[in-house]
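Read from first to last, the chains carry the letters A, B, C and D; within each, the first residue is number 1.
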């Protein structure tokens, strides 16, 4: 399969952007800044296209093909977003925001009792004693303690002994349960954090494979050399700027 | 500054850690070591299921992912295809997601050996991206030729030999759903499994696995191959350790490096802390 | 009049939508109402489509200022951004108008050569950040932090073949943790979040959350 | 009217919470006050703003990715409330605030909130829309790449992040830490909480962002609604305990909740 010049150019650009965007982790430099702005430009243009597509496909098409005139409503509210350019009347753009927010809030509020609360409550009702399976029994007891403790941790206004936390018996029980909740959450956070390492490494492997592929390797080498120079230059600039640090800060503040 | 503090400061230089990380991932990719992995009963079950399929199995393959997810999903699908191709299958590829066509081309580059053995239109076909989500999924089950008059490349499907064998849901022996989302699994359960009892096989991202687990437990799918790990196991079973297997080594090295840094960081942190505690006494 | 239009108007919009969407969700409704409801759900993304266009214009305006002022150290990058934005938007618009959509060749080229690799790269740059964050954050300062470290290590070992070589028990232990303890730990957080969502919704429809200081 | 199958209890719960929230709001307007436990991350905000001003550095705020037309909208609202508080503090201390975001439909609200914050603190002249409010783009990782660059180039003294965060959470938290900014973050998207807990100085865990939003208003009537969230938790707790007691007796309360 012969590659066209555009295909080859595309691979070179893709490889260069990949290397240059990674370079930020080491130090901000001109090639990162270039790639970043190129990416932002394309992304904003893409977002513009998606917006247009949403309007035409989800908004106008139902009106034209199915006669669903109600879709005129979001189009009117959507047009109000342009109100922000009207100076004194810029506030009419708020109607657009609040209209969109109305949909999101409603979806969230109406599903919250079931999905966020009742389902979680139901899943927390676990058999504490399972005949013949001591490990599972202990697991369930531990889980229930963590859940109850966690819920108590999030209680803001009902605190045994008041906010001064007097050492009453109720307070002691509350305190022990809350500790279960906190420690349980710590275990959860540690496990979840560690679990994502694998996916992150997997994605990185994907990018490395692309960079090392036969089509891209040439571009990769060139991009790496260029970025090494750019980072070296950035360090030099920083050392120079270090002497006049105070001045440098105001200079960068507009970028 | 004490020696411990100096070492601690060197360890804290993030650039050092990043360079080491790149090296640790690159080395095993260039030169896989093949650190042994255990093969889970779940992947083995999938392998055995495919092994038991009759000759010339008819398989529908749903390609439902975007470029970022390819690293995790392509190896699994690739290994399964390498296994399937030994049985001279009839493969119908389809995508209910817009990024499908890009991913299908990428798949062809990923397992060229598989596609070399298959003839387009006769042994395999790619229908391209179909709009309509679950409704399209249901229409496919009722007859592909009729629902999709033209394939991804604009060829008319009416006279394609493959559809003599694989057209309606009941013709198929297996549906493989390769996805980075959760919805599409449910579509196939509702539209292909429930009415026609076509066996389903899931190839999924590791983050998705918990949410599709119930379908497998309930027997609505014959099994699942999850993430790079599952793919690596399947590659081993097929006897062709590939990119997922190499990735497992890279994963081990990267994890090992991070763990080492965490432990070293703690050791020096405590040395410094204890030194500081003693300092005022002196 | 002005206060009504500026303050109570947007409030009324939210109130009406929320009442309608809540009632149709919980109560059995005739089919035409449900059809209408499903279009209301889509309204948000249609209106947001206009906002995406306004957003692109805002970005453009923001960078054209740098360009016109020739801001040192920035104007060149702004030029890159403005040009790439305009080209992408033009290619996308042509694609949509002519009906070929995102398969329009120049658009597909921009998407595949710039957008896709860039977003995959920024996503995967996390591999570096997660490494340096691990180094800094898994520091044992107190008892909860020790617990955090131990679970982190168990799960990292359990994930890889290296862990399997060291001790085969890491994998089942990490599965046990993830399946049970993690699930339990996040349950109170989810319940709390649900309650927070409901009360935030209430505050908003009562006009107490946004724009109250006028 | 007939309930949709399985949604009766859910609706009752929603109704109870709405009524309670309204009740406590009215009670607070009549002068009733409820003690509330400390939320350290919230108290840290003012400290962080003051510290940034002392260092002569700006304050950075961002919401995370998401949108206003899906179920993460309430978290965005909480973020807006916190931002409004920070803008008022910025006005009070004469600080430079940089709010970056990636949700175009929020542009009118965010601009308004920040302007209003400076204005109500009596410093309207400090508000510069092009500097203080920066909409970056709504494509997730383009937004993330711009935010990480903003953090490094502007070197904020405080980096505050409240809203619905996705994979970008750690990108921001980590790059923010390089600049030595005091970092305060919170989200109710539970999968991202661990990254904030591990990489930031102060964290709002889940629900605390909504409590913080109420506290940020400084309005006793709004703060009082937190009380109704607490009653909700007590209801959940009671249901779990009753369920646990009934389970050995052969009654599965978990199933009864979905009638």
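In this text, contacts are C-beta pairs under 8 Å (C-beta built on N, C-alpha and C of every residue); 3 or more make two chains touch, one makes a residue touch a chain.
Remember, it's a predicted structure, so these values are computed and weren't measured experimentally.
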Shared chain contacts [chain C and chain D, defined touch]: A
Top-ranked pair of chains - ranking by C-beta pairs in contact: A-C
Of all other chains, the one whose Cα centre sits farthest from chain A: B
Distance between the centres, which are taken as Cα means, of chain D and chain B, whole angstrom: 36
Chain A and chain D, separation of their C-alpha mean positions in angstrom: 15
Separation of chain A from chain B, taking each centre as the mean of its C-alpha atoms, in whole Å: 23
Where chain B touches two or more other chains at once, by residue number: 14, 18, 68, 229, 251, 254-255, 258
Residues of chain C touching at least two other chains: 22, 25-26, 44-45, 47-48, 51-52, 54-56, 59, 102, 112, 115-116, 118-120, 122-123, 125-130, 132, 134, 136, 138, 148-149, 152-153, 156, 159-160, 186, 189-193, 195, 197-198, 200-201, 204, 210-211
Multi-chain contact sites of chain A, meaning residues that touch two or more partners: 21, 24-25, 33, 36, 39-40, 42-44, 46-47, 51, 81, 84, 91, 94, 96-97, 100-101, 103-105, 107-113, 117, 120-121, 123-124, 144, 147, 151, 154, 185, 188-190, 192-193, 197-198, 201, 203-204, 206, 252, 254-255
Interchain contacts, given as pairs of chains that touch: A-B, A-C, A-D, B-C, C-D
Residue ranges of chain C touching chain B (in the complex, touch as defined): 102, 112, 116, 119-120, 123, 127-128, 130-132, 134-136, 138-140, 149, 152-153, 156-157, 159-165, 168, 171
Sites on chain C touched by chain A in the complex: 5-6, 9-11, 13-14, 16-18, 20-22, 25-26, 36, 39-56, 59-60, 71, 73-74, 77-78, 80-93, 95-96, 101-102, 107, 109-130, 134, 138, 144-145, 147-156, 159-160, 174, 176-178, 180-195, 197-198, 200-201, 204-205, 210-211
Of chain B, residues touching chain A in the complex: 14-15, 18, 25-26, 29-30, 68, 70-72, 205-207, 227-229, 243, 247, 250-251, 254-255, 258
Interfacial residue positions of chain A with respect to chain B in the complex: 25-27, 197-199, 201-206, 208-209, 212
Sites on chain C touched by chain D in the complex: 22, 25-28, 44-45, 47-48, 51-52, 54-56, 58-59, 62, 65, 115, 118-119, 122-123, 125-126, 129-130, 132-134, 136-138, 148, 186, 189-193, 195-204, 206, 208-213
